[in-house]
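Okay, so here's the structure we're looking at.
Chain lettering (A, B, C and D) follows the sequence in which the chains are written, and residue indices restart at 1 in each chain.
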């Protein structure tokens, strides 16, 4: 069970300029990485002998109004330690490499982010219609400033 | 003392012939009378069996089964019938109309035609064909044709799969079925049902004791014949939605539904005639003994359905050709030696 | 069989014929009400409640209701669960495949008018009656098995009041 | 074999469509089949996508909980637990002892109820109709227990941020103890009906094998991962709440076929029963909710909490910006990854095996579509 200090030290050594540790409210090992090195980064943490972070829990897209954050959550079955990886992609027409070639499980997570946030995943096997109806033409709905034809906002009741 | 229906019928027969009608007319009336009685009996049996299966399945599963329509739901099947009678009779456009129309008719007619030579009681049978068993097995294979017609004509992938599966299953289970019956025929030296029943006067020479293996093979092959229980692959809800009768609604579906239960009763009636001594029994009237034994076998087959999971298609075929058939041949050889 | 709809007309002329017509109507309605075969179709949480209603403690079979897998043989459709825009055309096609005297029970808040997903959701159809005619609306999220039974009894009463109609004729192909 | 003419292909495509008796809800499997053998299966999802994550962005924390009950409606206690766990980690709230024990009792009873639904629908898909009715009969007693405490049979809305909403009534303990004592014999009944049944063995032994490598690649979790031989249970490997005070084993399979997944879940039924028994014995007294301001406003923060529910790892990623509403809520269910691995396992097996394999993955669709 490598503690968070050694994990971050290992990562920063491997990618000196593109990876830096970040502090989040409940203390956890979190890293901010440059979107260009995504594939190499995941290749490294999956195969490194004392990291072995092969188990991808989930990828979530977050619309931060200035850009779109993509947050990866990984853990290792042998060493039982966890890692949060954050990257930034610009809001309109953001592009990032797909990691489904490294970890097959990322396929559907990325496909959903592509559909709901409009982030382009280069090299993804099938970026096609996933959750939304087939004749959907109103753009990615999960963006905060999105409004659609029959979208009813809940009126504010105090609070 | 035992109120035999046959004596009543003889009185009616004598009265008709005494009317001085031409001979061929008298025979015609008697034949039509017999056919009408068997038709009535068949419909009564279907009504009873459908209700009985739903009550039995309910009590197997700790629930009550139909209760609301009449006392303990005895009117349930009549209500189902009248409702199906009113349903819209959909014939989809993309369907091969003639074949689609005639499939349920053939299915019902073939399983009903086999009732002709069932010995219901002491000299109480519609006809006594000297090739009784052969006639029954020959007629019931028409059901396969109708299932194939239904599967092929309703132009639906699931129905096609269901039809193909049912054809493969029934044809392959026909072989051990007839072989298991051959053991009995070797013993009685005659194909006629009445003769077979005649050979089983005493309880100890019922064929279930002299041919236990034959009875078991017959029972297994019979459940496969009627597409029920562990072998109900053609209309497996989980895989093929509703198998071959997916496109049928209203009365056409009712015909398939009734044909299934007619087949169920027919198979158990033949089991009773061959292995359980037909209508022989101590006190009760002979036709009552026949019905009681037949309903016992029906109960066992219904019991299979609500306990066993379903076999896969290739396992079913393997079980038939690699396990049941050698056993049937062995049983035939043993019967040959035993009753030389 | 176009005769059923002409029965009341003929019956008027015969003395005492009206009694025959009304009793025939009562029998047909009673049989349709007491043997409703429901279509096995549930999308969300209400499907679990429908399964529990079909099980031993609250038994549907007591009302003669038996589940059928194919829409052709079903004459009652429980819309149990949320209907999204992607699912709506399928629900409509399923409804059209059912044979004519067919009834729909909109089970649960989502089927009645979108339920808890009415506000702020871009993918939920606001009520199934926008696409298919509904006979009985059943509120609740999910409705208790007893209230599901109550809905079935309400539907049975509605069927018992129906007039003589002719469904099985082939006019409409 | 003769080369088929151009355009003419032996294979045909079948839609195991959104309405199908064995798809546990609304999943559409596009099967390309050659006779009975499946060439490839392509899952089409989204028929139950209700945009829960979009709705939760406009709801306060207590308002989100009823919505999460509808997210995963077979074990909705676990969705409430994971959401409250995440919120409590952000706001660093200490949950009192009695509330922790009540949560454990409810969670494990909910796991038993979910496994019973699995056992029922799994045996229904293999054609055995009666075990379904027996399992639902047991589940009704658990429903009574839940209804006694939180008033609703399916969507409980019982666990709140910082504790639980109500205390258990006095007739809860005797009924719960009676259930716990009799449940072992009930599981023996199911095993008697299914486990030694030769037809059941023939249908499940080394059918639909999901081996260790496929599981790790696709992030499978819970009974599917344990059936493949990986001993990974979040209750022990990523401990949360007070699971370290209870003794329970982690049942694992060997090959990862339909039989192993069935046996892992049946043994888990017995383990959960033991946990509930121990929790009922050690149940302390005390208040059931932490002291908090009525309006829950957590500080700025971000957390991904995950728990072990009956279908695997259920995760909840909350980003809070200090207001009363979560800025972003991302839910991860076990079934999402289990549906993803179907095209990897489906080619080459028969349609009956695909139905058995899909039922043994115990997938329910709201977890996939959210």
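Here, a contact is a pair of C-beta atoms (placed from the backbone, for glycine too) under 8 Å apart; a residue touches a chain by one contact, two chains touch by 3 or more.
Just so we're clear, the structure is a prediction, and the values are computed from it rather than from any experiment.
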Exercise for the section: Quickly list, by label, the chains bordering both chain A and chain B. Expected result: C, D
Practice task
Select the chain at the greatest separation from chain B, using centres from the mean of Cα atoms.
Solution key: A
Practice task
Using mean C-alpha positions as chain centres, tell me how far chain B is from chain C in Å, no decimals.
Solution key: 34
Practice task
Indicate the whole-number Å distance between the mean C-alpha point of chain A and the mean C-alpha point of chain D.
Solution key: 24
Exercise for the section: Report, in whole Å, the distance between the mean C-alpha point of chain C and the mean C-alpha point of chain D. Expected result: 32
Completion exercise
In whole angstrom, the CA-centroid distance of chain B from chain D equals 45
Exercise for the section: Return the residues of chain B touching two or more other chains; collapse runs of consecutive numbers into ranges. Expected result: 61-63, 237, 241
Fill in the blank from the handout: Expected list for chain C, residues touching two or more other chains, is 40, 55-56, 69, 84, 86, 119-123
Exercise for the section: At least two other chains touched by the same residue of chain A: list those residues. Expected result: 131-133, 141, 153-154
Practice task
All pairs of touching chains, please: list them by chain label.
Solution key: A-C, A-D, B-C, B-D, C-D
Fill in the blank from the handout: Per the touch rule, the chain D residues reaching chain B in their complex are 12, 14, 20-22, 36, 123-130, 133-134, 137, 193-194, 197, 199-200, 202-203, 350-353, 355
Handout entry: chain D residues touching chain A - in the complex, by the definition given at the top
Key = 45-46, 49, 51, 53-54, 57-60, 89-90, 92, 216-219, 230, 232, 237-238, 295, 299-304, 306, 313, 315, 317, 319, 324, 327-328, 330, 332, 336-337, 340, 344, 369-370
Handout entry: For the chain C and chain D complex, residues of the former touching the latter
Key = 39-45, 47-49, 51-52, 55-57, 69, 71, 81-82, 84, 86-87, 90, 94, 116-117, 119-124, 141-142, 144
Handout entry: Residue ranges of chain C touching chain B (in the complex, touch as defined)
Key = 4, 27-28, 30-32, 34-35, 40, 55-56, 59, 61-64, 66, 68-70, 72-73, 75, 99-101, 167-168, 170, 173
Problem - Residues of chain A touching chain D in the complex - result: 24-26, 28, 54-58, 60, 62-63, 71, 73, 75, 77, 80, 82, 84, 103-105, 107-108, 129-133, 141-142, 144, 153-154, 159
